Amino acid sequence: MTNILFTAFSNRTDALALADEAGQRLAELGIASSTQLLDQGVTAPLDSQSLVISLGGDGTFLRSARLAHAHDARVLPVNLGRMGFLLEVPSDQIVTSVRAALNHSRVVERLALAISIEGESHTDFALNEVVIERPRVGNMVRVRTFVGDDELLTYSADGVLVATPTGSTAYNFSAGGPVVDTDLSVFIITPVAPHFTIDRSIVVDAAKTVRLVALRPAAVVADGTEIGALEPGQVMLVSRSPSPVKVVYSGAFELGPRLRQNLREGHA
Amino acid sequence: MTNILFTAFSNRTDALALADEAGQRLAELGIASSTQLLDQGVTAPLDSQSLVISLGGDGTFLRSARLAHAHDARVLPVNLGRMGFLLEVPSDQIVTSVRAALNHSRVVERLALAISIEGESHTDFALNEVVIERPRVGNMVRVRTFVGDDELLTYSADGVLVATPTGSTAYNFSAGGPVVDTDLSVFIITPVAPHFTIDRSIVVDAAKTVRLVALRPAAVVADGTEIGALEPGQVMLVSRSPSPVKVVYSGAFELGPRLRQNLREGHA
Amino acid sequence: MTNILFTAFSNRTDALALADEAGQRLAELGIASSTQLLDQGVTAPLDSQSLVISLGGDGTFLRSARLAHAHDARVLPVNLGRMGFLLEVPSDQIVTSVRAALNHSRVVERLALAISIEGESHTDFALNEVVIERPRVGNMVRVRTFVGDDELLTYSADGVLVATPTGSTAYNFSAGGPVVDTDLSVFIITPVAPHFTIDRSIVVDAAKTVRLVALRPAAVVADGTEIGALEPGQVMLVSRSPSPVKVVYSGAFELGPRLRQNLREGHA
Amino acid sequence: MTNILFTAFSNRTDALALADEAGQRLAELGIASSTQLLDQGVTAPLDSQSLVISLGGDGTFLRSARLAHAHDARVLPVNLGRMGFLLEVPSDQIVTSVRAALNHSRVVERLALAISIEGESHTDFALNEVVIERPRVGNMVRVRTFVGDDELLTYSADGVLVATPTGSTAYNFSAGGPVVDTDLSVFIITPVAPHFTIDRSIVVDAAKTVRLVALRPAAVVADGTEIGALEPGQVMLVSRSPSPVKVVYSGAFELGPRLRQNLREGHA
């Protein structure tokens, strides 16, 4: 049976109130649910039958997607944020969307990154992007980049990121990278504020492994969260996660209207 | 039996001398060949067994590839130009490369564009890119863009181009677009000098059709050659050509070294 | 006595109706005026006491400013266009603005370009920018640039432009150049879609002369109008026009709100 | 009498050896000098007659210039770095340059920034740029910008910088800003990786005050060194330092060759 879990950050009282209200309405329909605060230790049991309902903005969704991905569960993104490329469900349609998800709703698979840092045993995850960036203000990283066996460019920059198509409209976009159709299985390599080097992105097949070598100390940041550090010479590998993020799809994802809306609001 | 055709522009005396010399050496090996001037009416018979050997720079290769593509022939790019992303064979390795091509050599398939202008019966071709651009100096085009049924952005710009991965390092790159791995089956939509609009590229699946609607009179340019014009409201469709360009592969195509070389020479 | 001249393009019937109406209201106040169609031979006498009232969009204003500048007359920009960085006066405030201009109104001086092409005896003018650009579609220009005696970069590009601060939000902006405060006496050198060269603008003191050498045939375009051509090796000099354009100032020119408005409308 | 001070970082043994050797040769000429390690407390007395000789790369020069500026002393930049837009004197010409500086040598004045953070009593200094940036990885700043009384744009970004013309080829350049002639008295406002906002620089008269309001917690970094922090709502003012940096000039500063050299080395 499907295990339903609302996720939110503890300081979002609007999200918590919404979880309460939707939980009651689901209970009236005989559907049990619980709530998990993302900034406290996760205790709820999850499996591939679970449905994680993200209540918040893009940051909440990224954390919820990570949680769901770890258990092969589905995630349903409810938009309580201002802008949101990722978010499909208005808050007044939660119950309808949950019921649709429990029955027949389509799931779209989003490519995610498997990140492994040389010398560490575990593999990390990102839905948007992983960045090798300067560990503190006023510095630069220096990073050699490889795709498969082909050496590409070496960047001196604030950072070098590898983004998924889902992440193409996030940090990659701010750094000057292209918008990429989420149907495509590609990685986007984009430098952030590169010093006297090409500032253009390189788009490569996600079947290949991207290898990044830090030539100076650097921080590693996945979906906005610091996950590690690199010493000079240390290698980070980025490949396609064997399992994608499974997002409950509830209506047309139209790139054009979203782009236009975000561009207009960006200048507000 | 393989029909071997050297192609060059008539003002490239170095290319013609090279064709003569290589032709004699091939004759000594019992291999017949002929030469075709690209700027004069093409008369040589070609079929899918033919091998077109392009002698010149990128412009020569684009014309030779168009010729080869029309007959499903293979093309072998010999580099007599200064810079060349497309060109693999140094001029002193022609005979070796031809012999390899006649025997066992690997062919790589490069995605090409099928271009159709509303109201015209034929379909046009491009290996690098097709551009909707202002018909004369001092103007702008205005172009609505669609991918499948999804409307993307409307640009006021000098031009709007749709590039292949092969063309990503050509005009697309000058206009700010990303470098794209030639293994990928994608289109890159890039505006040229857009006026108060997003100047970012959009990368989409080449299985989809890109539809461009000119809102002002515009010229249509494929691989640097004007192929038509659009009246306000007229539509141009861009899709993947059913047959790719078949390029004889003679050594590793390494994106990194080529990028670095072109970037260094660009500033010379 | 002040000579008042409305200027408009003949196909803008709204502008002509407005000129009629405003002319009648001025006549009732004892102020004579006439109308000049910009796309027909200019016949009206003008001198430094004249006031040219531009009725249209940016294109109309550029032509009117050129006309006024040639006679050291003032120009009052009335905005009938959609977007307009240059235009200050709403159409319903024409009579008020004319009366203010006749009495006490402040004039702001806008830096203009003096353009001279080697081998030609006259000097040309631009308020926004002058561009060396490819004479036809599908080509590139190649241009060496100098500022005073200092050789800067050589560009292969669609074009290379020299803009004034007034023109910084026009074609310069589309080509990626910076916004520059109109109080500054500087030139902005910006390449348009440069091929494997730096795509950054260079801002220099307008007290210096910018020298551009065409290495391939090129067209010269000033404020959107073709004014000449360059043969390989031919030189074009750009310096500050000895006399600025005198714009009647009617209210605060606020860069910020105009930028935000144009950016929002750009994505509409 | 002129007080001569060599400055270097303590880990640059090449610089320290050079200071020794040049000091001995100057002593033979009857000229006294001493050496100051920049990363240890500065103890040497300095006044407007002093000559600071910077031995290192751009970072050393920025620190030496700050030291010299505080005492209205001159600074002579000796280039021991790889790339250096700021550095004029090759290491084998130190003694010649010092003697020239002691006699007749020309001094160029470089515009510097006076930075004051609301609520702090002192004014800070920068020769290249000041940046309001995210205090830790994975965050963004949000900054409102004003020039005089005119509100410009509000940026969500990795950072927002105000650069001098000297700094235009440093971090400003990496972030996409224009190159600006060091003769000009202007500031360049450039966002770093702005999110869905204009990524273009704005160039304004340095006679005006730039006011930046942090809407989220931020770090303040001047010439690569963290100098403070901003709380939400806190204001930072940037104006032209009343006294410029006085750089001993020893040969032509040619922007073009330096740009070309740096661009080539950038891709090496």
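Lettered A, B, C and D in written order, each chain numbered from 1.
Keep this in mind: a residue touches a chain if its C-beta (ideal position, glycine included) is under 8 Å from a C-beta of that chain, and two chains touch if they have at least 3 such contacts.
Bear in mind the structure is a predicted one, so any value in this text is a computation, not a measurement.
Most remote from chain D, judged by the distance between CA-atom centroids, is B. Chain copies chain A and chain C are related through a rotation whose angle, from the C-alpha fit, is 180° to the nearest 5.
Centroids of chain A and chain C (each the mean of its C-alpha atoms) stand 47 Å apart.
Chain centres here are Cα averages; for chain A and chain D they lie 38 Å apart.
Between the Cα centres of chain A and chain B there is a gap of 36 Å.
Among the residues of chain A, those in touch with two or more other chains are 153, 173, 176, 197-198, 260, 263, 267. Note for the complex: chain D touches chain A at residues 83, 131, 133, 135-139, 153, 156-158, 171, 173-176, 192-199, 219, 221, 224-226, 262-263, 265-267. By the touch criterion given at the top, residues 146-147, 150-153, 168, 173, 176-181, 183-184, 186, 188, 198, 200-205, 208, 254-257, 259-260, 263 of chain C touch chain D in their complex.
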